[in-house]
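One structure, pasted below without further comment.
Think of it as A, B, C and D in the order they're written, each chain with its own count starting at 1.
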Amino acid sequence: MDLTVNIRKLKLKNPVMTASGTFGYGEEYSEFVDLSKLGAIVVKGLSLKPMEGNPSPRIYETPCGMLNAIGLQNIGVKEFLKTKLPYIRKFDTKLIANIFGNTIHEYVKLSRILDDAGVDGIELNVSCPNIKKGGIFFGTDKKMLQKLLSTVRANVRNAVLITKLSPNVSYIQEFAKIAEECGSDAVSLINTIPGMAIDIKTRRPRIANITGGLSGPAIKPIAVRMVYETFRAVKIPVIGMGGIMNSSDAIEFMLAGAAAVAVGTANFVNPSATIDIIKDIESFMAENNITDVKELRGAVKI
Amino acid sequence: MSKYIRAKITENTPVNKDHTLLGCESYRLVLSPDDIPQRSLPGQFYMIGTDSSYDPLLKRPFSIFRETSSAEGGELQFLYRIKGKGTKLLKEMRKGETVNVLGPLGNGYPMPDKNLTPVLIAGGIGIASLFPLAEKLSGNIHFLYGARTKNELLMLNELKGLVKKELIISTDDGSEGEKGTVVDVLNRFLTLNPQLSTLNLLYSCGPSPMLEAVSKFAAEKGIKCYISMEESMACGVGACLGCTVKTKKGYKRVCKEGPVFPSEEIVWT
Amino acid sequence: MDLTVNIRKLKLKNPVMTASGTFGYGEEYSEFVDLSKLGAIVVKGLSLKPMEGNPSPRIYETPCGMLNAIGLQNIGVKEFLKTKLPYIRKFDTKLIANIFGNTIHEYVKLSRILDDAGVDGIELNVSCPNIKKGGIFFGTDKKMLQKLLSTVRANVRNAVLITKLSPNVSYIQEFAKIAEECGSDAVSLINTIPGMAIDIKTRRPRIANITGGLSGPAIKPIAVRMVYETFRAVKIPVIGMGGIMNSSDAIEFMLAGAAAVAVGTANFVNPSATIDIIKDIESFMAENNITDVKELRGAVKI
Amino acid sequence: MSKYIRAKITENTPVNKDHTLLGCESYRLVLSPDDIPQRSLPGQFYMIGTDSSYDPLLKRPFSIFRETSSAEGGELQFLYRIKGKGTKLLKEMRKGETVNVLGPLGNGYPMPDKNLTPVLIAGGIGIASLFPLAEKLSGNIHFLYGARTKNELLMLNELKGLVKKELIISTDDGSEGEKGTVVDVLNRFLTLNPQLSTLNLLYSCGPSPMLEAVSKFAAEKGIKCYISMEESMACGVGACLGCTVKTKKGYKRVCKEGPVFPSEEIVWT
């Protein structure tokens, strides 16, 4: 049975990775998951300098989902390279660094540092605010995205370059096409969907940041639709995520067109979700006489 | 090592007399896990959830109240108060049904020097976390326990049997023990026992405004104080950065660096 | 206690209306709901000619939500005026007709017919495909929306004109502003969010139409955020909907900025949901010494 | 008048012997509603749901299997098979817990002319809907009942006591009764009893492919046939237009114009 998948030149032992920000730096889950069994570990979003993040409350549960506004708290790329990278390198898995910057320059610098440090993949989170243009996001502005991606592309030589798309657009496939044209090796989707909740007793937002990103099973139908639309629009691999809780969900994303999948909020519900999903995909393949997991890709019958 | 295991419910019953009174409804949950996790420290907690539905989605954190182990296996005990969706559904679960538990998690209370007789200050359901500390210290403590009203008080008999020094009960409405908040009581207690102030140590668990008041009090008097903080949690293992509190050294995770913090570290906002 | 709210010149006895397509033509729920108690009844989307709708399956349950692709099956405006309007008119409530067309001309014709027939409000569903431009939606194309709304505006004299916005955009408030500028009396949001689900056994989409619209509690955080953003951007009243199941949800929408709310999927879960919500809003007001429901509007504390 | 009411569960127990076998797990649910709804017709159904969580969200439709009323109040009985999320959670519910029910809904089976002895054809859990019709017709019917395997067959003793004409049991795997599908059996039955074909009437409830086969058979032989259709439902009252089937007169709602349709009306796709 062949579980391997390729994200361009990067070969994963299986299609299951972790979603950025939901698996820490791998270490946090090492008691529950044999990290060597994962297709890849995508770490919490990194910035050039360490970031403090947002005040509390940062998370709030909603029906079949959760809002979060962590505010991209992270230890910064320097500390990451010093302490976290060596740790993950002890395991037989691929490492993908998720990054974000406030300017194109910051993205370029980060990508270069990480590429030089030999990470396997770099995932650009383009849904964070661009300070220069105040409130405009790379991920929802096509021209900005184009500029960002082509500049970063010219600076990354070894790592595969993945663009993580924002779901907060009318036609996500148009953004995926831009990523493809600018030389992204793959696109990943979806990031969380902006949402809000209010405590009717105190009349305050449930999240200190006012709004937060919605994740979990609640958003799965939206994510599957976007993966389907994107798969039909681009030739580069699509990494699908958004509410994947079990192997059926993972297979659903692959049928919609995902070459690989990422497991996010499910880690919180079941710390060994990733491992369970890998095992259960294998059982599903065995039961259905599927010898190569790649057969599932985009195999939805229309 | 913490573990993620399934556990059968062996008891899930109300613990206070008039437990249907609004805001007081409290239960004892006894679990017998498939696999015996590592022994916990007082102040540590477990994340408890079910997998029958995605609503509620996340596990909820509960302090470990009691742990027993026998030849047939171990038992985990929790005390919980009905708050929202998750606890409402938990109370509907019956003996024989299973839950998923993750733990033990967090740091737990640091042990005091042998020559000290610390003061434990519990507010409301905070008793669940401080009771095992009192047990571990063999009752060689003072215990102040406050609640809004009589019905909210739990484990009074057990406390009476356990606490070897002062045990002072208080309620906001005066329906049992002294009338006033636990902080009022603490104030009076240390005024009456000035010798305790300088050499002593406070441990506190309860609602956030109470913890803030206790912390301020401790700072004023220059007493070392450990408090157990509460924040909404998603992962419980330090991965999501959802449960942070502001400290003088930046945001810290309640589930990992906490839930117990030296009170002087916390930045109250 | 004052529960009345105004959608411009239209005065509702309370802020609770039904969401289009979830309450039939009122009659279907008359066994469970005293229709006279409702703020307004918004009927199933109407077109000029009767429409057949999509093949089955049309609905599928998802975590805390449901997908639907009814395909705008309806009896057509003529039959509506003949049989359904007279029925609803027997009750002491307001009637809002939800309409959609394939061309601007169709919207205009429909609005005129309904305005002449004396409906209290006309809600334009602008999230349906524009056949002329193949796949472009009025609701996601600002220029098209502008053209549509200003033309319809010029043709509606008595009924209040409500534009129902699509959530499938990056910044819904920009579309709300266009609605305001073009003379809409109010905006309503959100419509369902496009989603998809696949049966991994048959590999077929769960909905015959491939994609469907996601509604229910799952989308509530997204809807609350959009109402909040829209309320801050326009002066015209905002009608909020999306996953309202109970009075707390309804109050949450009002705190975010909704002048009135619409109850959709909740009717399926509890056929008397609308009535329960009205009653429970009253109790909430009594308990919290709120004498006028309008005090809640946009009263979230930031 | 249909009603929306709360109903207490008085029984919720397995009905087949080896009920844990995959795909066979069937239960009987007995409810005593707060308020007695209008008496139902055979073939009508109720929407059943809980309000403890939004997952599952929608109510599920179940045929009314039996109705009783006494001085103390009425009782509603259902037979259900475990299929997915909703039925899995339903089977976890205990005596004393409550569900919300909406009904009776739909049209039910039209009554046959007095001089006819109709043939009822049930496949699998379709028995739940045809059994009350058999009762209403005082057993003056032929009954063909098929399932995939022995374990899936329910109410066999009750049927034997009730059916006054032929009762033919069949299973796909031959583990009980005749081997073959219920349509094979129907074919053989009507070939052996040609006099029944022309003057008779068929009623059928079961999985969709079976209904299609029965309909084709009826069309070929020119026999009038009523079938009870299944579609996913949201509202159950005709408002959402979610449950439509294609008929020669356009899409019709299973919950309102159905679930029972003359088989010649259905357009099979």
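Convention: contacts are C-beta pairs under 8 Å (C-beta built on N, C-alpha and C of every residue); 3 or more make two chains touch, one makes a residue touch a chain.
Here the structure is a predicted model, which is why all the values come from computation and not from measurement.
**Q** State the chain with the largest centre-to-centre distance from chain C, centres being mean CA positions.
**A** Computed centres place B farthest from chain C.
**Q** Chain C to chain D: how many Å between their CA centres?
**A** Centre-to-centre distance between chain C and chain D: 36 Å.
**Q** Averaging over Cα atoms per chain, report the distance between chain B and chain D in Å.
**A** 53
**Q** Using CA atom averages as chain centres, what separation in Å is found between chain B and chain C?
**A** 47
**Q** Starting from the mean Cα coordinates of chain A and chain C, work out the distance between those two points in Å.
**A** 34
**Q** Multi-chain contacts in chain C: which residues touch at least two other chains?
**A** 63-65, 216-217 - these are the residues of chain C that touch more than one other chain.
**Q** Taking each residue of chain B in turn, which ones touch at least two of the other chains?
**A** 54-56
**Q** Make each chain a node and each touching pair an edge, then name the shape: line, ring, star, complete, other.
**A** complete
**Q** Taking the touch rule as given, give the residues of chain B at its contact with chain D in the complex, in rising order.
**A** So the residues of chain B touching chain D come out as 52-56, 85, 89, 92, 94.
**Q** What part of chain A is in contact with chain C in the complex they form?
**A** 62-65, 67, 140, 168-171, 193-198, 200, 202-205, 210-212, 214, 216-222, 224-225, 228, 243, 248, 251-252, 255-256, 284, 299-302
**Q** Considering only the defined contacts, which chain A positions touch chain B in the complex?
**A** My answer: residues 21-24, 28-29, 31-32, 44, 52-53, 55-61, 63-66, 68, 70, 73, 216-217, 245, 265, 267-272.
**Q** Under the definition above, what is the set of chain A residues touching chain D in their complex?
**A** Checking each residue of chain A against chain D gives 63-64, 217.
**Q** What residues of chain D sit close enough to touch chain A in their complex?
**A** Touching chain A from chain D are residues 54-55.
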